[in-house]
Structures are given as structure tokens and as C-alpha cells.
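Presented sequentially are two complexes of chain A, the first with chain B as partner and the second with chain C.
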Partner chain A sequence: MSSIEFVKIDKVYKGLANFHAVKGVDLSIRDGEFVVFVGPSGCGKSTLLRMIAGLEDISGGDLYFGAKRVNDLTPKERGIGMVFQSYALYPHMSVYENMAFGLTLEKAEKQTIDQKVREVAAILQIDHLLERKPKELSGGQRQRVAIGRAIVRQPNVFLFDEPLSNLDAALRVQMRIEISKLHQKLKTTSIYVTHDQVEAMTMADKIVVLNQGRIMQVGTPLEIYNTPANTFVAGFMGSPTMNFIKVHADDNHLTPFNGTDRQVFEAPFQHRGDATLGIRPEHIELTPQPGALAINTEIAVVEHLGNETLLYLSTDQCELPLVVSVQGEQSPEIGSSLTVYVPPSRCHLFDANGDALERLDAPKAN
Partner chain B sequence: MVKSQQTFGQQLLRYGLYAILGVAALVYLMPLWVMLLTSLKDIEEIRSGTLFSLPGSLNFDAWSKAWSGACTGSTCEGIAPFFGNSFKIVIPAVAISTLIGALNGYVLSMWRFRGSELLFGAMLVGCFIPFQVILLPMARMLATFGLANTTTGLVAVHITYGIAFTTLFFRNFYVGLPKELIAAARLDGAGFFFIFRRIVLPLSTPIIVVCVIWQFTQIWNDFLFGVVFSGGDTQPVTVALNNLVNTSFGGKEYNVDMAAALMAALPTLVVYVLAGKYFVRGLTAGAVKG
Partner chain C sequence: MRTFKLHTGKVLFALAVLALLIYTIFPFYIAIATSFGAGSGDGSLYLPETFDFGNYVSVFKEQPFFHNILNSALVSFATVAISLLIAVTASYALARVHFRGRTTLLLTVLGVSMFPQVAVLSGMFELIRMLGLYNNLGSLVLSYTVFSLPFSVWILTTFMRGIPKDLEEAAIVDGATPWQIITRIFMPVLWPAMVTTGLLAFIGAWNEFMFAITFILSNDNRTVPVAISMISGGSQYEMPWGPIMAASVIVTVPLIALVLIFQRKIVEGLTAGAVKG
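== the complex of A and B ==
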């Protein structure tokens, strides 16, 4: 068990053109925390994970486990347990041998090894599979074995590299819950890399959103959802993605940039100049709201998801179609016109650089 | 009506195909068949009959003479002693070049370093150097190390020449193994050689088989290195076969020549029959799995 501290961590792949994969990452992870790294492909999240594991050299900065600098320690010395996307089970060894491999290398006694392997196998409910080879197992079972192999050595830190992305949807939900439960039981510091925002939202104590090698925002799942720090985080987290409308701000008066219908509406922000208004699809209302921005639209596409209906609305107020999520089943006619209302209370406002502006009515941070 | 005509045409094509394949197979098998027939005849039958006439009785005299009595240059002990020489060359040369190739392939695919791809490219050039080019420098080198005309020297030459091929085989096979396997083993605390021995080698059976067949065939069938770098008593069987055919007292003994040639070809045939299934599988393994 250990806390982890990143101090200005850099990763540069040397080559004909140097590729700066991770840029000056500062981050503290508390002992026992479950942290999720999330971001689009190529954002550096896996590289960061591999640097923690010791599988990639750290080009610059310092990495601490507790008070100990671990930059130059081998993966083994760092005490890491890692679960890979492809499981990476040793194909020629039985489940038992796979799990015992690390302990055998530590020259633990046979009896101790046997006891630990069986204990972990029981926790993961794979004790009846111990004699099988990996190829005889299903995807979910392989995943359990991979997790078992990682926890059997009682590592300081657990790393998960997109462990569920090879599983089907139902199994993914099940394993997600099991990994969360396992973490509650073992309380080992865990870092989990994924591009699936549902996994990030549901599993994390703390989410780290990455883009192009930089940290975009660190926060609890609800902080990320409710107060995204910039347009990238706002657009990346949440499904369907947040709607953006270009506006001109004059103190708390906002005027949409495009479109013929130039109504002014008030929102609790203090800003002058160009800005971007953000509103999540689930926060747009179909009934008139006091003080809300009304937008006249035409229904372009309707998607039925069963529990909700997604409406894609074309309007001259923004370039992309405006997406609205409506509870339950709705069957509006395509091509018909619809007026939707953007309540100021659920609006986000971002300045010209894309950074979030603070709401004037926001509860003061403690 | 039209349909049945089509199927008739298709059938015709199919039989035509079989016929062509059959003829091709016959053409390839014919020399072997003639060799076998000739080796079982006595000289009189060879002289009076045609190439394809069957022997009057099964007569293995030529085989036993080729094995232990025929003259190869100055000695008349058949090809048996040279068979032993060939094995003394082939076994260590195949084993060592395969092992080195495996180790090279492991490093070049799993432990890449700056310039490793360039090094691999440079090693590949070794596959394209014609044997003749290196004869003189190699002879000088063997002389310098005191290995001229020895079995050890010949083994060394074959290993050197084989490494380019074996490295190519293993490297391309290992590129297909998931890198995460190595990462997982490193996290488990395994070192370079431990991972090689316990994780990588046990997964290498198909490519080891390919490598062994390839190297065995190459080295067993080699004539040029054998004739240049071996001494009188370290000659491999291919050189002995040549000497046997070229040494004649009186008439040519075609039956003995054929029997000796068949015997010399037997070991590679046996290796291929025993492991051929893996050979094809191993050659395509990398391509299919990706």
C-alpha cells in the first residue's frame, strides 16, 4: 500500500521527430484511492500507467511511492500488480501456475504459495479452474485469473490497463462491479486506465482526464460532471456529449452569436467578450422556463434508446445539431419544428481559451 | 439445359486439373522411381533392360556395397563412416544455430534498442550472400584459428551461415507474441534469461521445428563447404557420395551410385516426414495470427 506522487513527469519518445507523450504531469494519489485515468486514444494515459509500472523509462520529473523515489527501481522492486487488456496470461501454464509464477520467483515456500493462490482463487471464484489452461477459459474467467495473478503477491499498487474492453457489455458491467468490490475489500491503491466514461464515472474515487499528454482536470466523478474545467472535459465526459453554443457575453448578459433570433438572456457569469455556452442534452427543457434561452429548431433525427429518446435538432444558433435527451419514449415527427429552452441554472460558460468561468451562484469551495 | 452444360464444363475443368496435377506429380516422382529401380538391379540387368524395366528379383547387394564396401577415393569402406561425419557436423550446428537464432530473435523483437531494426536488417543481408564469396576469407580464418580440415571448423562455418536464417525465423515468430506477456513476467520479477527460458521458449515449438528442419536440410545437403573445408577423414556424406560416383574401376556401377544417393537423402526425408506437419504450420503461424 502506498500513496503516489507525480512531480512534473515527462515522457519523450526520441526519434527523428521527438514525440512528447506526457507533458509535466503533477498529481497526488492518496493511499488506498481508486483513481481512473480517462482520455481519448493517444492522450498518454497508458504511457503514464506504464511509467508507474516501470515498463517505460521516465524522461523527466520524479515519481514517488510514499516518500521513496522510484524512478530507477525495476518493476519488481516497485511492487506492482498489473492487469492488461489482453490478459497476458502465460498460455503454456495452468491457472495455478500463472498465479503462482510471481511467488515462485520470490522463492516463497511451496506451502505459502499454495495457501495464497487458493485464498485468492476463492475470493475470485476461480478455485475450480486452477488446473485448466488459459485457452480453456472464457473471457471473463481469463480476466479473473489475470486479476488473481496481480493480487496474489499483495502489491503496493494495482494497475489496470483497459482491463474490460475485450469483454461483452453484460460481462463488463459485472466485472466492473466486482473490481469495485474487490477494491473495497483490499483497499490497495489502484490506478485504472480506460476510455469508457461509464467505467470512469462508476468506479473512480478520483478521475484524471487527460488529453495530448496533459492533465485537463482532476476531480471526483460528480465534480467532473457538474463543473468541467474546460471545453475538452465538458465535451469528453457525458453521453451524448455536451452542446456548445457560441455567445457574446456582456457581464451577465449573453447573446447567441449565430442565428437570426438574437435574444439576450441572463446567466450567472461575469465575463465580457466571446464565450462558449455549454448545456448537457439532459438539461435542455421542452417546456418554457422563466429566464431560459428559447431556441427554435427543426427535428432532424430521433434515436430511441428505450429509457430515453435522443432528439437531434437543427438550428441556426449552433453549427452542430443540438442534442436533447428526453425521458421515456417519444415519437415526434421528423421535420416538425420544436422550441427548446436552455435554463440558465444548468448552463456552463467557457472563455475564448475554452477554460470554464466560475458561476456567480456557485457554492464557495470549502 | 444450360445449367447441366455448365456443370459438365466445370467437371471437365476439374478432371483436367487433376490430370495436370497427376502429370506434374509423376514428373517429379519419376527420377526417384528410376533411382529406386536401378539400385535394386544388378549390373547385367541395367545393361540389358531399359530405364523403367523392373528388376528380376529384389537385390540389395548394391545397397550393402554402397553402405560399407564401395570405394570413395582412396578408401573402400562405403559411405557409412561419412554418414557419421555428417551427423557429427549436423547435430551441433543445428542445435547451436537454432539456439542463437532464438536468442537473437528474442532480443530483436522483445527487447528493442536503438538501432535494433537496423541490426536486424544487416543480419538479413547474411541470407543473400552467396556461399562462394566467403570461401577464401573463411579458409584463411579457419587456418588462423587452427580449425582447417576439422569437424569443429565446419560446424563453425555452418553456424555462422545459419544464424542469419534462424534469427529471421525466430524474430518474425516472436513479433507475433503479445508484448504484454513479457511485461507481465517482468512485473512478476522475472529477468531476461528467466523470461526466455520459462515463457518464450516453451511457446516456440512450431518455430523451433521449422528452424530445425530448415537447418538440418541445408547443412546435411551442403556440398560446397564440405568439399572445401573438410579433411580426408572429416568429409560429410555429400562429398563422399561425389567421390563414390567419380571413383570407378572398370565399368560404372550405377546401382551402387543410386543406392548411395538414396541413403544420403534418407535422413532429411525422415526429418521432414516426422515434423513436416509442424513445418507448414510454423511457416504460416505468424501470417495467420498476426
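== the complex of A and C ==
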């Protein structure tokens, strides 16, 4: 087990046009932490993971496991275990041989190998499958074997590269919980790459949101949700995505940019100039609130999800339709008008560069 | 009416199958029948009256045919072993290692195989003499390997590319060296493809004639195809069809045996492109 320290990590793919995949990443991961890298496709999260694994050269900066610089060490010397998206089980070997392969290469004693493989197989409940070939297993079973192969050598760091994306929805939820349980039991430092924000929110001790090779924000799931550091994080995390309204700020007085109805409302921010107001769909209210910004809208689309209903409202206050999430089943008429209220207590405000402005009233919005 | 249609369809199909069977099997039938001593081998249709093994015995009596078979086996197995070893390692590089001019190299490999044997015969002869391999089985191993390599490399490279990169990386994470990746992961996965290319290389080497007659001088060092062509009759006007056919049948048996042994793998090799974990 070990902590991991990134110091100005860079990755440049040399070519006709140099592609800067990872740009100056600084990050500390504590021993035993479960860290999730999340971001859109091409944000560098997999590249970063592969650099930790040693499968990708580090173009610049230093990577430390504990106090040891590991830039030039092979994956084996770093002592990592990795689970691949495609499972990457050796097709010609049985489950047992798959799990034992790393130990066999180390020329460990047969008895030790046997004991370790059976121990791990018991933890993952695949002990009845040991003689089978990968092609005889279901997706979930293959995933367990891939995890088993990674933990059998007791790695210092456990790496997951979108391990659940090939599974169906029900199995994904089940495996997600099992991986979390496994981490609680083993307490090995784990880094998990995903583009699925639900996985990120539910599994992580710490989420690292990446975009275009840079870290956008590092924080616990609730920190990321409640105090997004910029418009990218605010828009990326949360489903449906956060609504943005362009406003003009004059100290704590905000005036929406667009629209005919130029009402001024107060929010606990200190800023002068153009800004973006952010409000999550689940925080918009349908009943009048004291001090809230009232927005007149027309209902464009209604989506029924059973436990909640999503209303897509067209308004002249913002370019995209305003999304509102309402608890339970609602069947408002499409085309009818609706006034919604944005309570200042749940608002986020971002400056012209997209960086979040600090709330004056409290460190946290709830 | 419908049953009539059905029947004509079946009959036509059966006739087509029969025609195809006769077309493909008849030459073998003639060869086997002639080898057992019936007829004079002039191509007339006949049924053998007796099973006479005389021709088979005479093949081994009148020339060092057993020795020739050993030579052929030695040359063919050596060719297969060497070309597979080189082809697997070369295809690993061509499929997995990024370097400048990779595609050009692969195309050159394919281009080389387009030259007919005759075109390189004299050059190859010079090379063999320079290496002191004239009238030595080594000359055949060398030249056959040269000719079987492009095909083997090309086929194995294609298969190697089909192996997911994750599989290789999983092995790297498990601590495998490149050599261990090739031998412990890639070769077992590529096994069907290797059997197929190996068998084709074997058949090529086993049946090859032109290099064999050019580079080998003495009877004892000859391979089977040349030895068969050297079987002569009582006079220059007599073609000893019986012994020739007997020798041909003997020589065909190992090939059939190999194909039967590896049959399942060959089919896998020809059909299975994707390797799924």
C-alpha cells in the first residue's frame, strides 16, 4: 500500500502535431484512498491512469509512490494491479491460471500460489469457477476474475480503467457495490477511471474532475456537487445538468441579461460585471419563494421518470431550455405557461472566466 | 407437382455432388490403383484385380527411398520450425512495435514473395555455393525458409494485430517480459494461425522440386519429389508408372495424416480472427 504524489505530470504525444494529453497535473492521493478520475472522453483520465500503471511514459514531472520516485520503474516494479475495460483475461488459460499467472512469473512456490489464488477466489466468490475458461463465463464473472487477477499479487495500488462499462445496468450497480465493499476490506489505494458520474459520486472518497488534460477540481463527492469550482464541473457533474443563466452582477444585485423582464434580485455574492448564474434542476421551485428570481416560461417537453418528472421550459432568460426536476408524477400541459422560482440560497455564481465565486453567507449551500 | 420439383432438385444436387467427387477423387484413385499393380498406367479405366505390394517394395529396393523420406522430413520440419520462430517474432514487431517504415517493410515482405522461383534460382545458387551448402540439406532449409517466410509473416502479423492490446498490457502488469508475452500469451492464442501457416510451409517444403533438383547432387541427399522423378524403368522408352505411383502414395500419407491431426486447428485458424477474452 502506498500514497501517490503527482508533481507537474505532463504527457505529450510526439507527432506531426504534438498532442498535449496531460498538462501539469499536481495531485496527492492518501494511502488507502479510493480516488475516481472522471471527465468526458479525451480528457486525459485514462492516460493519467496508464502513466500511474507504467504503461505510458511520463513526458515531464515526477510521480511518487510513497517517497519513491517511480517514473522509470516498470509496472511490475511499481507493484500495481490493474483491471481493464475489456477484462483482458488470457483466453487460453483457466480462471485459476489467469489469476496465478503473475505469481508463476515471479516463480513463487506452487503451494503459496495455490493458497493465494484460492483465498482471493473465495473473497470474490469465484471459487467454483477456477477450472473454467474465460469464454465459459458471463460478463460479471469475467469482471470478478479480472479483479481477482489484480489483487492476488497484493498490489500497492489498484487501478481500474472503466471496468464496468461493458456490463449491463443491473450488473453494473451490483459490481459497483462489490468493488466498494472490496475496497473497505482490503484498504488498498485505488484509482478508478470512469465517465459515469453516478459511479464517481457513489464510490469515491475523492473525485478528480478532469477536462482537456487539466484537473478542474478535486474534492469529496458532496463538495463537488455543492460547491463546483467552475462552470465545467458544475455542468459535468449532476444529471440533468445544471441550468446556466447569464447575469450582470452589481455587488450582490444580479440582473438577468436576456429577456424583457429585467428584475433585479439579491444573492449572497460580491462581484461586479458579467457573470453566470447556476442553478440545479432539483433546486428550482414551483411555488413563490421570498427573494427568489421569478422566471416566466412555457412548458416545451415533459419527461416522466417515475420517481421524478423533468420539465423542459423555454424562456427568454437563457438560451438552452431551463430544466426543472419535480418530485413524483406530474402531468402539466405542454405549451402552458409556468412561473418558476430560483431561490438565492441554492444559486451558484461564476465569473466571466467560469470560475466559481465564493458565497458570502456560508461555506456550504445546504 | 411440388414433390416432383423437390425430387428434381434433390437429384440435380446429388448429380452435382457426384460429379465433383469423381472430379476430385479420380486422380487419387488412378494413382492408388496403379500403385497396386493393375493396368499399365496409360490412363484407361480399370479396376485392380489383385492387391500387389510389389511396386511398394521395389520403390524401397531400387533407390535409397527411405533415406529420401527422412531427408524430406528433416528439411520440412526444419523449415517449419525456423520460419515459425522468425515469423512469430517478426510479426510481433510488425504488429506491436511502432517504428518508422513499418508499413513499407510489411509491403516489401509481401513484394518479395511475388518473385517466381525461377527468377531467383541462379542468385540463390550463387548464395548457396558461397555459403558452402551445395549438395547439403541446409541449402534447401535456407531456400524454403526464405520462400515460406513472407506468407507466414503476413498471416501472423494480421492475426497478431487482432489480439487486443489490453491482453499484452495485462501481461506487462503481471510482470511478463516481451519474450514471455510472445511465448506464454501470444503463441497459445495464435496457435491455430501458427498451425495453419506451419502446415502450409510444411507442404511447400515437402513438395518443392526446383530448388531440390538444383542444389542437391547425390542420390543420398535427395528429397522425395526429386527421388520420384529419378525412378526409371528398364529402358528409356518405358515409364515405370507402378513404382512412381507407389512412391507418390507413400509420400502423400504423411501430409494427409498431418492435416487430419490438425484439422480442427486449421478450421479455427481460418475462421477465428477475433480473440475475445
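Throughout what follows, the second predicted complex is superposed on the first by the 363 of 366 C-alpha atoms of A that agree within 3 Å, B and C clash if a C-alpha of one lies under 4 Å from a C-alpha of the other, contacts with A are read in each partner's own complex, and residues count from 1 in each chain.
Here is the rule we use: a contact is a pair of C-beta atoms (placed from the backbone, for glycine too) under 8 Å apart; a residue touches a chain by one contact, two chains touch by 3 or more.
Since this is a predicted model, take the numbers as computed values, not measurements.
Q: Quick check on the superposition: with chain A as the shared anchor, is it clash or fit for chain B versus chain C?
A: In the arrangement built by aligning on chain A, the partners chain C and chain B clash.
Q: Considering only the touch criterion stated at the top, classify A:Lys135 as touching first (chain B), second (chain C), both, or neither.
A: In the superposition, A:Lys135 contacts chain C only.
Q: Thinking of the overlay built on chain A, is A:Ser337 touched by chain B (first), by chain C (second), by both, or by neither?
A: It touches nothing on chain B or chain C.
Q: Where does A:Ala88 make contact in the superposed view: on chain B (first), on chain C (second), on both, or on neither?
A: Both partners, chain B and chain C.
Q: Where on chain A do the contacts with chain B and the contacts with chain C coincide?
A: Touching chain B in the first complex and chain C in the second, residues 53, 55, 74-76, 80-82, 84-86, 88-92, 101-102, 105-106, 149, 153 of chain A appear in both lists.
Q: Would you mind writing out the residues of chain B in touch with chain A in their complex?
A: Spelled out, the residues of chain B in touch with chain A are 114, 178, 180-181, 183-190, 194, 199, 202-203.
Q: Which part of chain C faces chain A closely enough to touch in the complex?
A: Chain C reaches chain A through residues 164, 166-167, 169-176, 180, 184-185, 188-189, 191, 275-277.
Q: Within their complex, state which residues of chain A touch chain C.
A: 53, 55, 74-76, 80-82, 84-93, 101-102, 105-106, 134-135, 142, 149-150, 153
Q: In the complex, go through chain A and note every residue touching chain B.
A: 14, 50, 53-55, 74-76, 80-82, 84-86, 88-92, 101-102, 105-106, 149, 153
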